[in-house]
Amino acid sequence: MPNTIHIKAFGMVAERIGATDLELAHCLDSEALLETLRAKFPELTTTKFSLAINKKLISGNQEIPENAEIALLPPFSGG
Amino acid sequence: MPNTIHIKAFGMVAERIGATDLELAHCLDSEALLETLRAKFPELTTTKFSLAINKKLISGNQEIPENAEIALLPPFSGG
Amino acid sequence: MEKERNPKNIFVQGAISPEAVAKSIANHASKTDIGGHSIFLGQVRADEKPEGKVIAIDYTAYEEMALEKAFEIREAIFAKYPLTCMHIYHSLGAVKVGELCLVVFTSSKHRKAAMDACDELVERIKAELPVWGKEILDSDNHVWKVNV
Amino acid sequence: MEKERNPKNIFVQGAISPEAVAKSIANHASKTDIGGHSIFLGQVRADEKPEGKVIAIDYTAYEEMALEKAFEIREAIFAKYPLTCMHIYHSLGAVKVGELCLVVFTSSKHRKAAMDACDELVERIKAELPVWGKEILDSDNHVWKVNV
């Protein structure tokens, strides 16, 4: 599916949206994706998380490549 | 022997003077003791060491109590 | 030498045993240029939360990203400090109170490099690896661990 | 609790085994207020000297004074850092290259106290304990170890 974004959710984010894997229609950039996500999962508006595109944390708005692997990452708490 | 000083030597000092335990006639203070030691063991004039009286390192000249336990301590190298 | 230049797995299933740490120590006896090892061990604490007492932490990770990041951190620390060896082990899944969930192990000729590198590694691992701890409580509730 | 307030022996005859370290780690599993352990291990290095290569270090100490001093250091570190436990082991006699001669082990609720206390303990032990290392060389000579 070329027009699909693959999304992985972790920790508290996965718990709140009730899923660890999602497929969404492609969004041009991370801002658009966040808007889509918040519309679909209102609970995310009160959840702190970062976005990773293809395993790299992003800051600011960033374009989303075709077939990107997106991850929704709540604050890390390893160790 | 009330007029005796008990001396323990360690590490390189013990090696240079060829003994780990000595008895010397009582000296009033540490300066006098060092003079006596250097006269008896000229090799100590070129050996770096500190004095401990009753298991406490001393700095400067210090009186030597009766029956004190004196130790000749080269620079520490534990660990 | 042990300066592996490829991502290596740092994750172990469940708690890390003291015996595994001993084995890792013993493996360094043949490296006779080592003068000091610095080891940090993370242990699961029975914290009291308003919702109950912690009895275990259940760890999950974004494994592929965590391994890439761990490799990046590893390379940076090797470039910064003159280390002989570096080992990182982190638990996944449930680790009970009193058990070990993290091992960071650095070795060098002189102690200072091993100690400083170990400290910096622990800080970076906690701040930068996508790993999450779910604190399981005795009340059947859970809370999400927060690193400070 | 383990905050012993009497001088305790820190000396062990010969090398310290990795298994002894593992046992010490395992003994802390029941202390569920511990969140982090910091361990420093000193290992005998095969240094090249002008007179030959080091094959072992033979340690001697002014034991009574060293134990008094270790106790003083221990008390000062317990007063300075919020530690749960502190353990110090130092070898006496011959320790071969690749073997362990020093273990400093601190535990606390949060990692920072354990790490800082461990670093400071190692520095103070090396600077302040009346212990001497005679480096035995493969040439049948020896040189006296110098701490830097």
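The chains carry the letters A, B, C and D, assigned in the order they are written, with residues numbered from 1 in each.
Assume a contact is a pair of C-beta atoms (placed from the backbone, for glycine too) under 8 Å apart; a residue touches a chain by one contact, two chains touch by 3 or more.
Only a predicted model underlies this, so the values are computations on that prediction, with no experimental measurement involved.
Visitor: Please report the minimal path length, in steps, between chain B and chain C on the chain touch graph.
Guide: 2
Visitor: Taking the mean of the CA coordinates per chain, how far is chain B from chain D in Å?
Guide: 27
Visitor: Using mean CA coordinates as chain centres, what's the gap between chain C and chain D in Å?
Guide: Once rounded, the distance between the two centres reads 23 Å.
Visitor: Using mean CA coordinates as chain centres, what's the chain A-chain D distance in Å?
Guide: 49
Visitor: Mark out which residues of chain B touch at least two other chains, giving numbers and ranges.
Guide: Residue numbers touching two or more other chains: none in chain B.
Visitor: Which residues belonging to chain C are in contact with no fewer than two other chains?
Guide: Touching at least two other chains: 42, 122.
Visitor: Let me know each pair of chains that touch one another.
Guide: A-C, B-D, C-D
Visitor: Mind listing the chain A positions that touch chain C in their complex?
Guide: Per the stated touch rule, the residues are 8, 10-12, 52, 55, 71, 73-79.
Visitor: What part of chain C is in contact with chain A in the complex they form?
Guide: 42, 59-62, 64-66, 68, 90, 101-102, 122, 125-134, 144-147
Visitor: Under the definition above, what is the set of chain D residues touching chain C in their complex?
Guide: 18-19, 21-23, 25-26, 28-43, 45-46, 97-100, 107, 109, 111, 114-115, 118-119, 122
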